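Shown next, in C-alpha cells, is the structure this report addresses.
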Amino acid sequence: MDNTQPQAALETMMLIRAYEEHNSAQAATHQAPGTCTAVGQEAAAVGVVRALRPEDRILTNHRSAGHLLARGADPKRMLAEVLGRASGYCKGKSGNLHIAVKELGVVLTSTIVGAELSLAPGVALGLQQQKLPGIVACFFGDGAASEGTFHESLNLAAVWRLPVLYICENNQWQAFVARKETMLIDKISTRAAAYGMEGHTVDGNDVEAVHRAAIEAVSYVRERRQPYLLETYTYRTRGHYEPDDQAYVDAAELKSWRDRDPIEIEKKRLRAAGQLDDARLAEIEQRISGVIAEAVEFATNSPFPDASELTTDLYA
Amino acid sequence: MDNTQPQAALETMMLIRAYEEHNSAQAATHQAPGTCTAVGQEAAAVGVVRALRPEDRILTNHRSAGHLLARGADPKRMLAEVLGRASGYCKGKSGNLHIAVKELGVVLTSTIVGAELSLAPGVALGLQQQKLPGIVACFFGDGAASEGTFHESLNLAAVWRLPVLYICENNQWQAFVARKETMLIDKISTRAAAYGMEGHTVDGNDVEAVHRAAIEAVSYVRERRQPYLLETYTYRTRGHYEPDDQAYVDAAELKSWRDRDPIEIEKKRLRAAGQLDDARLAEIEQRISGVIAEAVEFATNSPFPDASELTTDLYA
Amino acid sequence: MPTITTAEAIDQAIAEELRRDQRVLFFGEGVATKRGHLVKEFGADRVRNTPMAEGLIAGTAVGAAAMGLRPVIDLLFAPFLCYSMEELINSAGKLRYISGGQVSFPMVTLALTGTGWTTGAQHNHNLEAMFVHAPGLKVVMPSSAADFKGLLKAAIRDDNPVMYFIDLGLLFAPGEVPEGDHIVPLGKASVRQQGKDVSLVSYGKTVNHCLAAAQTLSESGISAEVIDLRSLKPLDEEAILSSVRKTGRAVVVHEANLTCGVGAEVSALIAEKAFSSLRGPVLRLASPDVPAPSSWALEQAFVPQAPQIAEAASRLVKGA
Amino acid sequence: MPTITTAEAIDQAIAEELRRDQRVLFFGEGVATKRGHLVKEFGADRVRNTPMAEGLIAGTAVGAAAMGLRPVIDLLFAPFLCYSMEELINSAGKLRYISGGQVSFPMVTLALTGTGWTTGAQHNHNLEAMFVHAPGLKVVMPSSAADFKGLLKAAIRDDNPVMYFIDLGLLFAPGEVPEGDHIVPLGKASVRQQGKDVSLVSYGKTVNHCLAAAQTLSESGISAEVIDLRSLKPLDEEAILSSVRKTGRAVVVHEANLTCGVGAEVSALIAEKAFSSLRGPVLRLASPDVPAPSSWALEQAFVPQAPQIAEAASRLVKGA
C-alpha cells in the first residue's frame, strides 16, 4: 500500500473495518474473545496517525486496532495476540486490551481508562530530556476526559512544555453511558483553556478534515514543543464490547451517524474526484480479504504460550 | 461576640490570628507540634463562613483553624486536639491536621490535599436525596486545584446539580512550591467553564469584598441548587508549616502582601467609618487574650487519652 | 429453594435492599443503563450512571454515607479500584477513627476480579488483601450464590465500609438460594465440607477447586475439611483454628498472588495460635507473584487447580 | 567511617546517582525548593518541582522510565501513595509483563511513613505490604543510615520499579556510612545481631526495638538473633529460614498493621519452610488494625516497643 496515494487513507480505513468486523463476527459466535471496536471512528484514527512521523510515539488504549493498523502494525501478530497466542505482539500476555508494539513507537498501552493520559507526559519528558526528535500522540476517549488524570496530565504538559498531542476521540459513548450524561459541555476541546493550552474540534468522520487538522496540530506541537488538544468529534456505531446488542442506543441517533459513515464519505469524495471506481474498489477489497485471511491463518495456527511463560517478563 | 456588629468580622480575624500565632510560637520552641497556619488569609475564611447558615456543611483541610473559629468552634477543644488531649474535638486522634466538628456542620476533614473535593459532592448528595436544607461549602487550596479530584468533583457536581460552593483559597503557595510554577493560568476560577459552571475571583484580603461575593455565591448555590466556584485571591504570609524559615519566599513579594494585611485593611476601614477606635480595639484584644489564655489553660490541663482508646472508634 | 446465578443473586440483593431502605442508593459507570429495571422501580435519583471517575465515585459514596445515606457503588473491575484508593483507604477507612468516632460510613463497594474471561491483568487482579490490610474496612468475597446474596444484604446493612469482591469466574454459576430475607452475617466462615485429616482453607472460585480436590482425596482415603472464608475481614479466626486443631494440617488456597496475600495471614494465624496442633507445615497454594496473563493457556496455569491442591494435601497427610 | 543522618544519607545517594548517570532525574512536590543544592549542581531540568498531582507524578515517572530515563520521585508521605496506586500498580507493576517484556521501568518512589511526628493516620500509614503484594514491584525499607544510602543507590540502578519507604522516626538518626560508592544489594537481609535461642525478624524502626529487646534478653541469659529484612520484596527467604532453622523460634515485629502485613508473609514462610525446626509458635507483634492515632500517648502505644518484644521472646523461649 502506497501511503502517498489518495486512496491509501481509504484503504487503511477499510482494513480497520474489515479487521474489526472479523473480530466481531468471531466474538458473536464465541470463537474469539470479545474486543472493543471503533467501527465508525476509522477516520479519526487514520487521519491523525497518517500525520505522524516514524520517530513519534503513540499511546493508545482498549480501542486500539485503528491506531495500530494505521501505524502499520501487522494484522497477523495483532490477531494472534487477540487469540492469546505466543506469536502475538505481547506473547499472548496482553490479549486484545493493551497491545503495545514498541518497534512502531506504540510504546505503552493500558486498558485502564485514563492511563494513556497519565503516561504521556513522561514519555514526552523522555524525548525532551534526551533531546530526541518526535512528539507523543496520546489517544483517549471522551470518558477518559472525565478522569482526574486528564486534568493532571494536560496541566503538567502545559507547565513543562512537553510535546504531547492530545487527541480526544469523542465518540459520544463511554461503554454503556452516553457522553451527554457525564458532562454539561459539548466540546471537550474547550477544556484546553483551563491549562493555558490551545484546542480545536474537528469533524471526526471526515478523514481529510481530520488529516488537515492533525497536520496543523502536529506541527504546532513539533515546532513549539508544547502540547495541544485536538478533538475528533465522532460516533461509536457498534457496541462497547463485542457482542453488544446496543439496546441502550437511541436508534435515530445511531442511524444519523451511520449515514455519515466515514468510509462511505471518503469513497464518495474519491469517486467524485475521479480517484476511485468500482474496479479500484474491488481491488482494494480483495487485497484486504487477503490480509485478513492471512492473519486468521497465521493466528489460528500459532501455538499458545507454554506454561513456563507464566513467570517470564516480570522483572527486567 | 455579636455576629451582626461590623466589628465582629474583625474580631474573628483577630482571634484566628492570635490563635495561630500562639501555635506558631509554641511550635518554634517545640512546646507543641507544628501546625499549618493561614496567617494573611483570615479575610478569606471569615468573609465566606459568615455568609453561611447553621444548616450548611463545611469541608476543610489541613489549614482549617480559620474556618473552624469563624464557624464558632471552641478554641479550648481545638487547642486540646492540637496537643493530642482526650478533650480535643477528635479525642486526640486527629491532632491538628484533620479536625472535624460534626455538631458545627464541619462534617469531614481530611488532610489529604484534594480529599475535601472528593467528599463534597457526596455530602451535597446527602442533602439533595434527603431533601435537607443547606449547601456544602468546600474550602481547598490552589494546590488542590491541580489534583485530579478537583476535575472529577466539579464535573460531577455540575452534572448532578449538587449544591456545592467551591471556595478556592488561592494563597499563591503549595507548601514549598509557588503556584506560578504549577499552572499557566493565573485565576483558578477560569476553570469553572470546563464544567459548564460559573466562577468568580475576589480580592481575598478584603473581608468585606469576600463577604459580599460569598453572599452572592451562597445564594446562587442555595437557590439554583447548583455548584459555583469562588476564588479568594490571597497570600500565605507565614510558612507552610510551623516552624518554617520561608527562605524560599521572595522577600519583595512577601512584603507587598504583608502590606495588604487583611486585618489592617479592615481596621483602617472601620476606623475611617468611625466604627473602631483605640479603646474598642484594646477591648477586643483583651477579650481575645482571655480566650487564648483560657484555651491554653484548658488544653494543657487536659489529660492525654488512655491507651485503651487506641482501638476504639474503629468500626461503627 | 430456587436456583439462580451469582449475577441474579447480586441483583436481587440490591433490589431488595433498595426496596427495604430509602437510604440505599446505587451508582457507578453504566449502573443505570445495565440495570434499567432498578431505575424503573426506584427512580433515576437512586440508581445512577456516573461519569468515569472512580476516585470520585468512591469519594461521593463516602460523603453520602457520612450524611446518613447507604450507598452501594459499582467500580466494575478490581484494578480500577486503584483509582479509588485514596477515598477508600484514607477517607472511608480512617475518617471515623481520626474524628474520634463522629461519623460512620455505611457503604458497599462492588468489584469484579479473577480469571475466566482472559481479560488480562488490568481487569483481573485479586487485590482484596490490600483492603484487608488497610484499617477500618471490611472485606467479603463469597463463592456460592446464596452467600453472594446473603453477604451483600448484610454488607448493605452494615454501618461500615464493606468491600465486596465478585469472582467473575462464578458470575454465571448457578446455586440454590433460600427464599425470603436471606442474610449471611459478615465475619463468619462456612464449613463447606467436614473432614478430619486436613483443612483446605480458601475463598472465591478456588473453594470449588478445594471441593473437587476433597473429592479426589476421599477416593484415596483422605478426609479433607473445606473452609470457605467468605469474609476476609473480619476473618473468622475461630472457624479456621478449630478446624486445624481438629485436623492438624492445613493447606491455604487462593487465586490472589502468594506474597502478602490473605493466605499469608491465615497461615500466620495458624502458626501462632494452633501451633501445638500442627502435624506438618502449613502449605499455601496461590498464583505466582506475577500479573494475571490474558492467554487462556496461561490464565489456567495461573490459578491453583484441584489436582495441585489434592497433591499438596496428600503429600502433607503422608508426611512426605 | 563518617557518621551522618538518614536524611543526609538519602541526599548523598541521590546526588551521587544524579552525578553518575545523566539519565537519573528527580522530581516531586517541593523537591527543587527543598534541595536547592541539587538544582544548582544538576540543573532545573533534572531536579524539578511539580504541581500537586501524585497520580501524574508517578505516571510521568513510568512514562519517562519506559523511554530510558531513571526517574526518582518523592511522593512525600506514604498515604499520598493512595493517589498513585493506578500508576504504580497497574502501570509500573504490570505493563512490562503485559507487553511481553517490551518495556522496563527503572524508577524509584520515595515515601515517608511511621510514628514519631504525631501527624496522624493520613501522614503515617505503613502500607508497604500493599506494594509487596502487588506484582512487578520491588520494595525496600531500611533501618540504618548505611542501608538507607546503599539501598537507595542500588534501587536507582535497578531496572525495575522500586518502592523506597523511609521510616520518619529514623530520619534524623545518625549512623556510620562507608565512604565511596556504597551499594547494598536489593533482596538481602542483614543479621544485625547473632543469637541462638530466638530470631527477632523486623524492618524499619522496630529493628532498633528488637536490638534493645535483645539486650534485655541477654541479661536474662537469652540469646536473640536480630534480622533486619531491609528488602521486603524480594524477600531474603534464605536469611529468615536459616536463622529460624538455627534458633527454632521466631518473633516477627513491625509497625504496620498486623493483618496481611509483611509479618504475615514472614510467618507463613517459616510455618511452611522451617516447620520441622520450630520449637514453638511463630509470634507476631505489630500495630493493631487501626489507623495511626495522632496523640503522642496513643502513637507510642500503637508501635511494638522493646519491652513487649522481650516479653514475647522470653515467653517463647520458656515455652510458656
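Order of writing sets the labels: A, B, C and D. Residues in every chain begin at 1.
Heads up, the rule we're going with is that a contact is a pair of C-beta atoms (placed from the backbone, for glycine too) under 8 Å apart; a residue touches a chain by one contact, two chains touch by 3 or more.
Every value quoted in this text rests on a predicted model; they were computed, and no experiment measured them.
Contact count check for A-C and A-D (C-beta pairs in contact): higher for A-D. The mean-CA centres of chain C and chain D are about 29 angstrom from one another, to the nearest whole unit.
Taking each chain's centre as the mean of its C-alpha atoms, chain A lies 36 Å from chain C. With centres set at the average Cα position, the gap from chain A to chain B is 46 Å. Chain centres here are Cα averages; for chain A and chain D they lie 41 Å apart. Along chain B, residues 92-94, 98, 110, 112, 114, 146-149, 152, 155, 159, 181-183, 314 each make contact with two or more other chains. Residues of chain C in contact with at least two other chains: 50-51, 53, 55-56, 79, 82-83, 86, 90, 97-98, 120, 122, 135-136, 289-291, 293-294.
Viewed as a network of touching protein chains, the structure reduces to a complete graph with every chain in contact with every other. Those residues of chain A that touch chain B in the complex are listed here as 146-152, 155, 158-159, 181-185, 190-191, 193-197. Across the complex, chain A is touched by residues 23, 25, 45-46, 48, 50-51, 53, 55-56, 58-69, 71, 86-87, 90-91, 95-106, 135-136, 138, 159-160 of chain D. On the chain B side of its complex with chain C, the touching residues are 88-94, 98, 100-102, 107-110, 112, 114-115, 117-130, 132, 148-149, 152-153, 155-156, 159-160, 312-316.
Looking at the complex, you find that chain C touches chain D at residues 79, 82-83, 85-86, 89-90, 93-94, 97-98, 120-122, 125, 127, 129-130, 132-136, 233, 235, 256-257, 259-265, 267-268, 270-273, 275-276, 278, 280-284, 289-291, 293-294. Across the interface of their complex, chain B is touched by residues 29-30, 33-34, 49-56, 79-80, 82-83, 117-120, 122-123, 288-291, 293-298, 301-302 of chain D.
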